[in-house]
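What follows is a single structure, written as C-alpha cells, with notes after it.
Chain IDs A, B, C, D and E follow the sequence of writing; residue 1 opens each chain.
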C-alpha cells in the first residue's frame, strides 16, 4: 500500500500535541481554529490569484500570444497588481437598486465556495472537515452560489443583469442533476459518500480506470455539467459577454466585482478538485498493476503534489473548453442537459449498478 | 400539458422589455444602437438607430477635388478601403474616358481581393467572438497581419491606404509584392482548413447558426441586401460578374451562392469567398504586365458636366458612387450608396422572434461596419 | 429504433467536431513557437518600418542644410485637411531679382490623414514620408511642426 | 437584358408623360412627381422590365429645384434605369414614398428627408436619421453652419 | 475537526468579504455623480423598470428540476448501500429509473423541455 512518508496527519498531530502542552484545551481548540482559518484564507486568496494568472496564460498560449509578461518575471504578479487596482476602484452604488441584496450577493458567492473548500481532501491527512456525506455536502453547498448570482442580477436594477441572472438560474438548476448523477455513479462503485473514503477506495487504481467505460462517461458528463454549473464558457450565458456585456455582475465595480471574479475561479478549482478526488484518485499516486518499481517511485511523489497536479489538469481541460468553443444558446443549453446528459447519465447508472452487481470492477 | 396550454400559462405575456443594445455594446462593432423589444428572451421587434458617427462625407465632397475625395472614402468602409477608393477612381476614369494601363488593372484587382480577404478574416474573427468563441479573434487577426504587412510594404499604411489615383496608382508596387503575396497564398491555404475545424464544423456553431435569421431571396432583393449577406440568400448580386471592372473579366472565378439564407449560409459564402479570392489572386499575381503604373493625367481633374454612376463590389456588398458634375474640379453632388446601409435595415425583418443570442449572431453575419452606414 | 440510431450518431458526430476544434487550440497551446506577438517597446531597436511607411511628412535636407522646397504652395492646395501652411518671403537673389522662398513650412501632424497627396504632387520632390511613428505627446501644440530647418536654403540645381 | 432603345419604348408606353435625357451614361427617365409611384409600380410588376431591385435613391439640390433620383435594376435581366422627378416647390417638396414597393427605399427616403427636407407621402416612419431635430438640412446648397463647416 | 467547525469557515468568508469591502471603501476614491450611478444600458437612459415578471420558461424548468432533484436525493443512500444489498437493490433501482425515465419522457413529449 501507499507509504506514509508524506502523511499530513502526523504534522497536524504534532502541532496539536505541541499546542496542548502550552495551553488549556479550550484555548488549543481556539488557536487551532484561528490557524486553520488563516491557512485557508491565505490558500483561498493565493489560489484565486494564481488561477486568474493561469487562465490568462493558458488562453494566451492557445491564441498564439504571450499573455501577461510585464509585472514581475513572466508577469507572475500581474494579478496582484490587478487586485490592488480593483481595491482602489470606486464602489458605485446603483440608482434604484436594492442596496441590501446588492451588497449581500458577493458574500453569498464567496461563502459558498469557502464552505465547499472545507471538505476537500487536499492530501493524506489534510482535510478540514471529513463529512461522512462529503460528496453530497460539496454538491449542496456549491449549488447555493446560484442564489448569490440571482440576487446580484435581480438587485442591480439593470436589464442585462436580470436576464443574466435568470439564465444562470435556469442553467444551474438543470445541470445540478447531471452533476449529482455522475457523482452518484462513483458512489455506487465506492460504496461511500465520504470523500476520504472515496480516495481510499482508489488506492489500487483510480475509478476512471477501474470503472470501465461507464466511469469515463460519467467523468465526461461531470466535466460538462460542472463547467455549466460554474458558469464558464462555453456555458457562460449568465455573463455572455457579447450579448449581455457582463451579465449578472454588470453593475458591480471595484472589489465587489473582484469577489464574483474570484468566486468563479474558486468554483472552478472546487469542481476540479472534486473531479480529481472522485474520478482521478484524489491524492493517490498513479499505480500500474504489478509494476513494483514504478509504483515505488510514484509513492515518493508527495500526495499533495498528486492532488494539485490532477486538479490543475482538470482545470486546464476546463480552460481548454472555454477557449475553444462558441457559446451555447439558452435553449440549446437546456436541450443538451435534458435530452442528452440526463438520459445518458440515468442509463449510465444502471450500467454501473449492473457492473457492481456482477463484481466486474476491480 | 400541450403546447397551447403552456402558452396560456405564460405569465408576463404582455410584459415588454425595451433593452438598448448599443451604442456602447461589445457586439455592435461600433456605435450602432439597436432598440430591442424583448419578451422573455425573445426579440419582438427592433429599431436600429444610427448616426452616431455621421461625418457628412457627402457634404464634404462638394468642397474637395477628386483626388482628395478618394482618401475620404477610406473612412466609410474602412475594412475595404482600397475597394472604396477604386470606386471613385472608376467614376472619374469613366467620366474622363481615360484608358488605364493593364498593369494598373491587374494590380488593382489583386489589391481588391487582398482587401476582401483581410476584411473577411476580420469578420471571421469577430463573428466567432460574437458567438463566444474567443480564440477565433486571435487566429483571424494573426493571418490578417500578413496581408497588412504586404499593404504596408507597398503603400506605407496598413488600414487606410489611399493608394489609387484617378488614372492609376500613387506609385508602383513594391518589388517584394509578388513574392510576399505568393507566400501569403500558400500560408493561408494551410490556415483556412483550421478555421473550418475550429468553427465551421463545430456542432455548437452549427446549432447557433443554422436556421437562424432566415432571409428569403425576395427579402434580400427588396431590402437591397447585397454582398455575401445577399448571396447567402441566393440573390446573385456580385458586381464583379455583372459589371466587371479592373481585371475581373480576365480571371476565372465563381460567384459564390448559397440558397439557405440563414446565418450559416452567409457564413459559408464568406468562407468560400476567401478560397475564391485566393484563386483570383493566384491567377493574376504572376501575370502582372509590365508598363506604366499610371495613365497620363492632367494635373487638375475636372469631370465634364453630367451624371456618372459606377458600382463596385466591396467586401460587404455593392458600393455605388453617383456623381453629378457641373464641370468644376469638385463634384456638384456625390452620393455613396454604401452596402451596409441597406444591409442593416433588414435586421428587423429577419431577427423577429429569435433570441437575444441569435440577434448577435445575425448582426455578426451581416458583417456591419458602422461608419459605412453613417458616412 | 431509427430515431435512437440518429440520436446516437448525432451525439458522436457532435463530440467528434468538438474534439476537432480542441485539437487546434491544443496544438497551439503546445507549440510556443507559434507565438506571433511582438514585444513592442522592447523591440524598438530591431523594429524596422518599411521604407514606404507613412509616419509623418518630412522635408529632407542635405548636408549643406538645403532643401528643395520652392514654396509653390501646391501641397497646401492639395491637402484635403488643411494640415499644411506655407509662409513665404520674398528676398532678392544674386541677380537682384525678388525671388520667392519659404519662411516656414508649417505642418499640422494632428490634422494629417496620411493620404500622401502632398508628397505625390510636389513638383520639386521636396517632401517625403518619415518613418517615425511614435507621435504621442501631451500637448497638442507640439504636433504642429515647422518642416524647414532654421537657416536652411533652397538647393540650387546645377545647371 | 433589354437595350436602351427597347427600354425607352416600353417605359414610353407605360408612362406617356415620361421624358428621356439624351447622351447620358445610363437611361434616365424623368416623370412628374405625382406619376412617380405609378410608374415605379408598373416597372416593378411588368414582366418585360421587372425592376425589382432598388440600388439607390437620393436627391440633388439644383438650387432652383430638387431632383429625386432612383436607380433601379432588374435582378433577372440586369438592366438599369434611372428614374428622376423634379420637385419645383422647394419649400414644400413632396413626393410619394416608394416604400410599399421596395422595403429598402424606406430608409433611403428617411435619409433624404433628413438631409434635404423632402417630405414623403405615405411613408411609414418619417423621422430624422442622422441629425437632431432642428439641425437644418445640410445637403441643401444654402445650408450654412459656421461652426462645423469651414469654407474653402 | 467536527462539522460544527463549518461555522468557522462561514466566519472566515464573511471576514474576507466584509473586511475587503470595508478596506476598499476606506481607500477607494469616491466621486459620485448621478450619471455614474445610472444602471448600465449602453449609454442610453434606461426605460421602464428592470423588475418585471419573467417568462414562465424559467419556472417550468425549475419545477421539473425540483421533481428530479428530489428523486436524485433518494438515490444517494441507495448508491452507498448498493454493493451491500446486491440484486434486490439493482431491481429496485431499475423500477425507480423506469418511473423516473417515464417522467422525463412525458415532459419531453409534452414539450415542457422546449424553451419558450
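Just so we're on the same page, a contact is a pair of C-beta atoms (placed from the backbone, for glycine too) under 8 Å apart; a residue touches a chain by one contact, two chains touch by 3 or more.
It should be emphasised that the depicted structure is a prediction, and the values quoted were computed from it without experimental measurement.
Enquirer: Computing the C-alpha centre of each chain, which chain sits at the greatest distance from subunit A?
Expert: D
Enquirer: Whose Cα centre is nearest the centre of all Cα atoms in view?
Expert: B
Enquirer: Please tell me whether B-C or B-E has the greater number of C-beta pairs in contact.
Expert: Looking at contacts between chains, B-C has the larger number.
Enquirer: Quick one: which chain's Cα centre is the longest way from subunit C's?
Expert: If we average the C-alpha coordinates per chain, E ends up farthest from subunit C.
Enquirer: Subunit B to subunit D: how many Å between their CA centres?
Expert: 25
Enquirer: From the mean C-alpha coordinate of subunit D to that of subunit E, what's the distance rounded to whole Å?
Expert: Going by mean C-alpha positions, subunit D sits 59 Å from subunit E.
Enquirer: What whole-number Å value describes the gap between the mean CA coordinates of subunit C and subunit D?
Expert: 41
Enquirer: Go ahead and note the Å separation of the Cα centroids belonging to subunit A and subunit B.
Expert: 45
Enquirer: Considering subunit D alone, which of its residues make contact with at least two other chains?
Expert: Counting only residues that touch two or more other chains, subunit D contributes 152.
Enquirer: Which positions in subunit C touch two or more other chains at once?
Expert: 18, 21, 24-25, 36
Enquirer: Which subunit E residues touch at least two other chains?
Expert: Only 41-42, 46, 52, 54-55, 57 qualify.
Enquirer: What is the complete set of touching chain pairs?
Expert: All touching pairs, sorted by chain label, are A-B, A-C, A-E, B-C, B-D, B-E.
Enquirer: Per the contact definition, I'd like the list of subunit B residues that touch subunit A in the complex.
Expert: By the definition above, subunit B touches subunit A via 17, 19, 25-27, 38, 41, 128-135, 137-139, 142, 198-199, 202, 204-205, 207-208, 355-360.
Enquirer: So in the complex, which bits of subunit C are touching subunit A?
Expert: For subunit C paired with subunit A, touching residues are 11, 18, 21-22, 24-26, 28-29, 32, 34-37, 39.
Enquirer: Quick check: in the complex, which residue numbers of subunit A touch subunit B?
Expert: The touching residues are 59, 62-65, 159-160, 163, 167, 233-234, 236-237, 240-245, 322-332.
Enquirer: With touch defined as at the start, can you tell me which subunit D residues reach subunit B in the complex?
Expert: By the definition above, subunit D touches subunit B via 23-26, 28, 52-56, 58, 60-61, 69, 71, 75, 78, 82, 102-104, 106-108, 111, 115, 129-131, 138-139, 143, 149, 151-152.
Enquirer: Which part of subunit E faces subunit A closely enough to touch in the complex?
Expert: Residue list for subunit E touching subunit A: 1-3, 5-6, 8-18, 20-21, 23-25, 27-32, 34, 36-42, 46, 49-52, 54-55, 57-58, 61-62, 64-65, 68-69, 72, 75-76, 79-84, 86-87, 89-90, 93-94, 97, 100-101, 104, 107-108, 113-115.
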